[in-house]
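Each of the two complexes below includes subunit A, the first together with subunit B, the second together with subunit C.
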Partner chain A sequence: MNTTRRTVLKSATAGSVLAGLIAAGALRPTQVLAAEWNKAAFDAHDTASALKGIGAGTPMDSKDLILKVPDIAENGAVVPVDVISNIPNTTSISILVDKNPSPLSASFDFANGALPEVSARLKMGQTSMVKAVAKADGKFYTAQKEVKVTVGGCGG
Partner chain B sequence: MADPMKIRAQLKGDVAEIRVLMGHAMETGQRKDAAGKTIPPHFIQSLTVEVGGKKVVEGQVGTSVSRNPVFGFKVKGAKAGDKVVVSWVDNKGDKRTDEAAVA
Partner chain C sequence: MSSMNRREFLQILAAASAAGFALDAPSVWAAGKGDGLYDLKKFGNVHLLHFTDCHAQLMPIHFREPSVNLGVGDAMGKAPHLVGEHLLKAFGIKPGSIEAHAFTYLNFEKAAKAYGKIGGFAHLATLVKRLRAERPNALLLDGGDTWQGSATALWTKGQDMVDACKLLGVDIMAGHWEFTLGDKRVLEIVEKDFKGKIDFVAQNIKTSDFGDKVFEPFSLRDMNGVKVAVIGQAFPYTPIANPRWMVPDWTFGIQDDNMQKTVDEARSKGAQVVVVLSHNGMDVDLKMASRVNGIDAILGGHTHDGVPAPVVVKNRGGQTLVTNAGSNGKFLGVLDFDVRNGKISDFRYKLLPVFSNLLPADAEMAALIDKVRAPYKDKLGEKLAVSEGLLYRRGNFNGSWDQLILDAMMEVQGADIGFSPGFRWGTTILPGQAITFEHLMDQTAITYPSATLTEMSGEQIKTILEDVGDNLFNPDPYYQQGGDMVRVGGMEYTCDPNAKIGRRIQDMRLAGKPIDAGKSYKVAGWAPVAEGAKGEPVWDIVARYLRDKKTITPRKLNQPKLIGMKGNPGIA
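Here is the complex of A and B:
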């Protein structure tokens, strides 16, 4: 990772999300998977820009999106998170942690019979809201829950 | 070279429950070593899951996923014996693909 590329990507991200994506695509020839890693969204330092990065803008609250997290996480390095979407035609689910240095944790696209459900284990630096965002029929829905963290998992 | 993944795919009715454990340091780029030097970020960026030759899940992952990440997915319409292929790529271009069968 060279510093010039970082600067280029940072300025591009600030300017427009699209430009950031193009820059990331142009400068990452080794990537083999179909979808380009969404650098703009994962590098965002606040939830609003991360949501913008995944194209969600301001998602609607939904009761059909179920987010299972512990109320209190004793160890912030491993926080189990389950997301289940009961919204019809859910095609993708993203997980965000508001107060992490980079809020966007993971984003999944589902196809060919995969149910819109995912479980993962996240790192959390401090007590924070955890948000799930689901995309269905081009619309975005969200659910959130607070997790209290007694020992942070991001520092060192 | 990264450790092999542990993949478990269990059929419940017509839904296969897939759990994957990936051995990876998932360095955030924020930790410092004993000498006070920042440890550079090293983390899985992308993953794909295929069942029976069809791509079912495509994921993108950031630094805030835990060390040795575990992911769980459910796939409808899978049959016993279907091949489950999981691949990941990290930010240094390392990659790993492992497979298992739906049981």
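Here is the complex of A and C:
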């Protein structure tokens, strides 16, 4: 374990939060802030409306979009999600949680050939399907997996 | 540590036979000094001895295997979901034999009296020494759930087991309940007591901030000219099934991808044999074996399945053997590989039951155990009551020991309904035996023992039962947590294990009346996983009840009505 690195980051108040949200190598915070806030999509209360909001409609299933989530969340308040797109010319990745009050949880834009790989920590109130949606050459692709949120206890 | 002498033993055996219980002739299984059972010829050049889930049982005990261990989906009718005669038939074990007693619940009371207790570290030590004498450089692997499960382990914070395992000669260890001693205590033992002696391995534990490794993922050893890698797999759902606040900075999970990377790394470092010392539970191990390539064997635990022979799983890399070595010190697995020109050519596996009467106590281990127990002797030996019936825990829905705990909690706390966790550890008491404080602690010795009394709505009660039911009966093993169903006192219900979450639990009734989703009920429970939960330790409540009753009549088990399980070989 790298204790020094940990201590440094814990002492910087916002450090660990940023590290969790923006782990994409080529993505600079300024670029995130500069992107236009898609209010309609983020305020949508169901997945279909959120998908419509980002212009995705009905995305196609793709094996080249890798979604890594736990089978069962250790803590519903911080569920780790990794998305890697191997689809050429990927320009955005969005993450949706079907059963959250606002399903669209995060949306990342990639400019100038930035590597389409993101890590995020999401809050989930209950067991739900988690979806990744990638945009490449104007088309939308998706991958999804269920993450279980349990009450805990009673093990082995 | 005195074991009964051979003459007494044979007399009991004769008495059991006279009582109409057909047992094997002693010569079949115990010729000479138990050599009939333990005469296991050495095979090949790589030797792995494996025990798991001993739950801190240093002394010989009884342990009844389950009569309900249902498999659903693809697992139906396959090991480990076979009980009683179905298990005997699948593995070619003779009914009435000493091995039939070890692997099944059949004729439990009579067989237990005839064949005597099982396990005990002094007897296990003798068996380990005997096998090691013939198998040079054999590795002894401990699958975990070793530092929890007894009064002395709780009161010494696992130190009694740490010292016993060092004396036993454990080489490599994995973990689960160990983590309920808290992260600091685990690290203290691994970094101080174990340093240079026992490797504590876990590929699937990382720091939750940067994903740094906490323990070494594997141990690479040279054995008789062959490089052998042992990869550790901790129980993936420790922070969910047990209190997360005890390991706040660590994340677990199954981690297939990282397992594959670890196997590849071990191979690239020259490993000719790669095994996983796993605390996944057998169903998870079977699925993992189908998805990860290059593992020669997964030596498993957690689900406490005594499986006589390995399940061979085919995968892209060839095949993987999956074993499970039971619990409570009852078994020692022996896996021999013959490795020629860098490749495994063949293997032999035997899961040996540890019968205390057939293996003389090892003097050095017996002395250590006596020393550990001495300060607590009076407390451990307090006779709380006498049990008229058999008290056991293991089974998917309930056990008579759990029923007793539920009855005690509900009466003492004045509750309508009782919940007791579906733990799979805990020893068995024969009819007529005194229940000592030590026996009670065998069922309850955990670091978060608070008894609770909570007002819950009918809807909340249903949600909890559905949630736990899905941990047990989800057809995808990766969503299973390896415990049994929460034991329920007072309330009757129907369970359809094949249904989806939300529809498994039906017809919940209290005193014949349907449970009202909006109404509030008083629910007694214990073992809360939330931080800061307060309440009297459950053992104090049950001890009061037992002292008051003095005689415990046979328990009437509250079990759900089952739907769709007729003909399932996982139920007697």
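By definition in this document, the second predicted complex is superposed on the first by the 114 of 156 C-alpha atoms of A that agree within 3 Å, B and C clash if a C-alpha of one lies under 4 Å from a C-alpha of the other, contacts with A are read in each partner's own complex, and residues count from 1 in each chain.
Here is the rule we use: contacts are C-beta pairs under 8 Å (C-beta built on N, C-alpha and C of every residue); 3 or more make two chains touch, one makes a residue touch a chain.
Everything numeric here is computed off the predicted structure, so don't read it as measured data.
Once the two complexes are laid over each other on the shared chain, residue contacts for A:G57 go to neither subunit B nor subunit C.
Within the superposed three-chain model, A:G138 lies out of touch with both subunit B and subunit C [touch as defined at top]. Once the two structures are superposed, subunit B and subunit C can be ranked by residues of subunit A touched, with B on top. Contacts of A:D71 after superposition: subunit C is touched, whereas subunit B is not reached.
In the superposition on chain A, contact is made by A:F42 with subunit B only, not with subunit C. In the superposition on chain A, contact of A:P88 is made with neither subunit B nor subunit C. Once the two complexes are laid over each other on the shared chain, residue contacts for A:K148 go to subunit C alone; subunit B is not touched. Residues 1, 153-156 of subunit A contact both subunit B in one complex and subunit C in the other.
Those residues of subunit B that touch subunit A in the shared complex are 15, 26, 28, 30-32, 39-41, 45-46, 48-49, 51, 54-67, 69-78, 87, 89, 91, 93, 95. Taken together, the subunit A residues at the contact with subunit C in this complex read 1-2, 5-6, 9, 16, 19, 68, 70-75, 80, 127, 148, 150-156. Contact residues of subunit C toward subunit A in the complex are 145, 176-177, 207, 209-210, 212-214, 235, 237-242, 244, 251-254, 257, 281, 302-303, 421-424, 463-464, 467-468, 470-471, 476, 478-479, 481-483, 486, 501, 527-529. Across the complex, subunit B is touched by residues 1, 30-35, 37-38, 42, 77-79, 82, 97, 100-115, 117-124, 153-156 of subunit A.
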